[in-house]
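Below, subunit A partners subunit B and then partners subunit C, in two separate complexes.
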Partner chain A sequence: MKHTYTPAQIIANFLKWILLLSLLAVALLPLLWLLISSLRTNLELQTNPFGWPKDMQWVNYAKALAMASLPRLLLNSAVVAASSVILNSAVTAMASFILARERFRGRDVLYTLFTAGVLVPVISFMVPYFSLITKSGLYNTLLALVLVYTAVNIPVSIFLVTAFMKSIPKELEEASVIDGCGFFKRFSVIILPLSRSGLVTAATFCFIYSWNEFLMAMLLTSSIESRTIQLGIKFFTSQFITDYASMYAAVVITIIPSIVGYVFLHDKIIGGLTAGAVKG
Partner chain B sequence: MQAVGTHRSRVWTARVLFLLPVSVLFFFFFIYPFLFTIYTSFTSWRGIGSMKFNGLANYTKLLGDPTFRKALGNNVVWALSQGFIQVPLACLIAMILVRKPRFWRSLRTIYYLPNVISTVALAMVWVAIYNVEGPLNAILGALFGAEKRNWLGNPDTALFAVIFQTVIYIGYFMIILLASAMNIPRSLYEAAEIDGASTFQQELSITLPMLRGSLITTMTLAMAYGMRHFESTFLMTGGGPAYATTTMGIDLYLKMDALRYSEASTAGVFLIIMGTVVITVLRKIFGSSDPMSEMAQ
Partner chain C sequence: MLKKSRLLAALLMLCLVFPLVAQGQVESAPAKEIELRWASIWVGNDSKAPAVEALVAEYNAKNAGKIKVVIEPQPDYNAYEQKVRTSLAAGQAPADIFTIKFNPTTATFYQSNLLMDFAKVMDASWKQTFDAGSLEQSTVDGMLKSLPMETAILPIWYNMDAFKKTGITELPTTLDGMFAAFDKLKAAGITPTSQMTGDTNAWTSMIWFSHFAVSLGGTNVWEKSFTDPAFVEAAKLTKRMITEYSTSDAVGLGAGGSGGHFLAGRTAVFSNGPWYAGRADLAATPFFNSIKIAGLPAAGSTKDFMISRLQANICAASSKDKAREAAIVDFLKFLTSAPSISKIAETSGAMFAIKTDYRPTKALQKQFYDVAVAAKTTAFDLEAALGAEVTLEFAQQLGALALGRISAEEFCALVDRKIER
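Moving on, here comes the complex of A and B:
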């Protein structure tokens, strides 16, 4: 028997897809527009800003990369993001191991304190961060950004990694203790390898933040040697003032790492986002 | 006895050692700045020289400052629009996706995508979209014959324009709500089906009440983020035109840029207070949920 739909169901179904597809358009069109704009000629940008480019102007990408500062800015961003991810993962893995697997008085207070860091808007710390970084002689260094990004991501990472480590069955660890594993062995041989998935999730969030961050980078650096690509496309694009097409190519280059990362790790990201939602 | 003693102290040394890096970073980048912000808000300090205590002078000055008041008002508009437009829309999408229509997984993944793209890049796109000669005016012109507007340059439309573009970030709240909707037991719907409840009735009397906790959580998040909004507005309009789109964060930045450090700190205290107010008020109205575990995202 064929399933038949009432008119009301057909209309509801139609409205449903209109909504889903308009949101899809909203999510994708800005990115598609950026991509297509990066392949136009500047004349096309002015005369035909929506149509398909006549010939794909891949040369825009060559021009963007030939811009003196772009490779340097990309390298700076890569160094900052990679260092922040490594440092953040290392320190949170260690702390989360204690917070998740050891029992001692004050443990829950400490955990609450660290994760409560997310309740504070970090932008309200512009003055103290600037003052701290300047006083410690780190102003205009990549290290300043690495420290800030590592620290700012601590609450999120502690939350995700501790939750993950808590879910590892106690028996595994007990067995290892009977086998004579000490404190460090329990961490490095048992807990750390089993927490890989949680650590990857936390690292992904840390990477996205560090690669995309703008405000602190603007606040704490001042020259091309230590500026990141986000500042580059905001400020150094003045070099492109007459060449918008190449500027869009530069912007596309900067978002490629995020998109590639998302294609491979979106399950981890979505899993991380919903880690707290399960409780409802 | 001796052996036990050394063993225990060794364990404690190891524990302290493992907690030390996070604690040091947390101290310097959360606790110290928090105390520093509060402390300097009671002083007259311009970044150099000593800090002179001046009581509540910064607070009265800031509350009388039309720019800051404009920023505070805009933040309230931000918070309300995020909490009462963004979240309900996200909830509607989650309620559709939980019934697993075709491609629901791909849709979920794509809806979240803009959240991983840099604000700088997206702000640049939106500036182009809102441009007088840009796509938005062209589309509105072709469809409704509307006249061209300078969306970001006109004080009447600028705030609407910078808030409207946040619709691309809807996937964030949608994913949280969807995960929670997927945990609602199927049996509830099956029972309602047998009782002859329509899909619409089921959504109203099962899904929405079951999502209550997550709705409070996402609304709290959305409004707290609305209060601390900075980046996309700063990049698109710099707070202009004529402070029409300024926020507390932008005001803080501009004051700091003008070396009015202690006033900037006072704005920072307001930012912290307003965020706390949002969380407390929502808890009072809707009862408690667990926004903190969600904030950790």
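Moving on, here comes the complex of A and C:
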């Protein structure tokens, strides 16, 4: 049966699409501008920031790859981000299991202490982290970044995963105890697999942070061997002059892994974010 | 189940070991070689980078087995400043050798024992290589904890092609003449000046303000209260420049946009330092050969001066190891020698606090040297004189002043509150 729309429904639909398309434009136009700008000359960018390239400047990409040792920095970023995600997920999963599923004195205080870190600006950790890393001999190593990124993300990860684990029905765990599961098995066989969506969400936030972080990387490293991609982007900015075109090319290269990661994991990320919202 | 827990454990181990394996191998050095780490801002896209790298390579080759200087690239200047502050606060020098932008904010670093006092190690012949004024400006309470390296004058840039379109062939010599010339430019459809209130220092407008303030209040104007009539009048003139003689987007505009207007020929007058002269996009403009570098017509009784600043000073970590300290001094003597500085100046067009016979061959760069030599005296710009925090307040309130939300007197009082006395 053909559905007929009332004038009010047509107007509502029209307004809905206008709103959605506007939001789409807000989300996509900056990316499109970035892509176009990465193919223009600096003079074109300075004189007419929103124009089209006269000739496609693919050379910007070649310069971006060559000048800032981007391949090496990309590898470093991948290593740091992957390692931080694995370490953060492992620590978070174990801590959240205890905080969500076990009853003990001071649990709420401990949970508050862990998650209160969300409210503290990372910049306030700069001096203590710098002291800690240099005194432990880890300055200018990738391990320093892995440890710091893991630690910085623990509050938000615990906040997300604990909430997710709390939503898992207690009966599942009780049944597993009757079947002979001990403490470790309850964690690894029952709760951990069921918390996958929550962990993926936390891991995604950790990955995005580790991939995009700049200030700590600048502070805790000093050579190309241990620096990450975000520092590479800044190689196009000197004290007074910025090679915007090459920098935008470098930015396009660096956001590709985040986009690819999101494309593969977006169902789990969205699932993880929304699952806790509908469960009581 | 056991397999899964083993896999989990293996992944944990892997994430700890992987970074160590992936990390670059540090070259093993002979036991007696002293390695000096130089946290250098002259890297990447900086015009001084190639010459500096070549000089370091030359020095390392000459001192093979004894001293090795390793450049640690610092690509982002603002983050680098944060790093210097953080490491000093943590009780460590950021590197054996590092640069600072000398101003009242960074002068507080002189209180740190982590920095080498060059006054104690500088012999007469080394001292003579530096411009005496710059050396004096870098001395605080008798301590010389940073060596003046790069300097700059901050003149006004005039696109004479634009002026010629209105029949003006000579630069105006009075303030009234300048406003009359700007009115003619406006009538011809050319926006007279590139102004801005954005970024952390409202860079180009800050330069204009500095020219006005020094002319009105003298070269020691920065020692006065910011509520002094010289600053109030300078604020009024700067506001007039922004509201009447600049592009409509000046409020909130950054340095890139301000420079972009000039490069595009949309504005006829601009302000910046010598580093801007070496830009390829500037050289590509049709008016490149018509650019004239000069001061502003005097707004007050002080004339024939030029706004200048110590652009980069070099610091070194103090060390109880005499051999290391001697190695640092040896390298810095090499770096600040006239031949080394000439090489950096030749490729970059930058100006230095070290006396050399070098004179640029390129016309625009040469104008900077000529203007610097012709100036009877120099005075710091606002940022160099009063520091980063005061300049940030200046930039933030300049927008409010231009929009008419505050008066020039209120503007000056707000900036004055940020000055530590």
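In this section, the second predicted complex is superposed on the first by the 192 of 280 C-alpha atoms of A that agree within 3 Å, B and C clash if a C-alpha of one lies under 4 Å from a C-alpha of the other, contacts with A are read in each partner's own complex, and residues count from 1 in each chain.
Just so it is clear, a contact is a pair of C-beta atoms (placed from the backbone, for glycine too) under 8 Å apart; a residue touches a chain by one contact, two chains touch by 3 or more.
None of the values given here were measured: they were computed from a predicted structure.
Judged by the touch definition given at the top, the superposed model places A:Thr115 against subunit B, while subunit C stays out of reach.
Within the superposed three-chain model, A:Thr141 lies in touch with subunit C and out of touch with subunit B [touch as defined at top]. When the two structures are aligned on the shared chain, A:Ser258 is found in touch with subunit B, with no touch to subunit C.
In the superposition on chain A, A:Thr47 contacts subunit C only, with no contact to subunit B.
When the shared chain is aligned, subunit B comes close enough to touch A:Phe183, but subunit C does not. Contact with both subunit B and subunit C is seen for A:Leu215 once the two complexes are overlaid on the shared chain. When the shared chain is aligned, no partner comes close enough to touch A:Asp55: not subunit B, not subunit C.
When the shared chain is aligned, subunit B comes close enough to touch A:Leu34, but subunit C does not.
Put subunit B and subunit C next to each other and count what each touches on subunit A; the higher total goes to B.
Applying the stated contact rule after C-alpha superposition, one finds that A:Glu174 touches neither subunit B nor subunit C.
Residues common to the contacts of subunit A with subunit B and with subunit C across the two structures: 46, 49, 90, 126-127, 130-131, 184, 214-215, 234. Interface residues of subunit C facing subunit A in the complex, by the touch rule stated above, are 1, 4-5, 8, 11-12, 14-16, 18-20, 22-25, 37, 39, 41, 43-47, 49, 70, 72-77, 79-80, 82-83, 86-87, 89-92, 95, 256, 259-260, 263-264, 273, 275-276, 279-281, 284-285, 312. Interface residues of subunit B, counted against subunit A in their complex, comprise 10-11, 14-15, 18-19, 21-23, 25-26, 28-30, 32-34, 36-37, 40, 47, 92-93, 96, 101, 107-114, 116-122, 124-126, 128-129, 133-135, 138, 167-168, 170-172, 175-180, 183, 199, 210-211, 213-214, 217, 224, 227-228, 230-231, 234-235, 249, 252-253, 256, 261, 264-265, 267-269, 271-272, 275-276, 279, 290, 292-297. Those residues of subunit A whose C-beta lies close enough to touch subunit C in the complex are 41-43, 45-49, 67-68, 75-76, 79-80, 82-83, 86-87, 90, 126-127, 130-131, 134, 141-143, 145-146, 184-185, 188-189, 214-215, 218-219, 222-226, 231-232, 234-244. Taken together, the subunit A residues at the contact with subunit B in this complex read 12, 16-17, 19-20, 23-24, 26-28, 30-31, 33-34, 37, 46, 49-50, 90-92, 94-95, 97-99, 102, 104, 110, 113-121, 123-132, 147-148, 150-152, 154-156, 158-160, 183-184, 187, 205, 208, 211-212, 214-215, 230, 233-234, 251, 254-255, 258-259, 261-262, 266, 269-270, 272-280.
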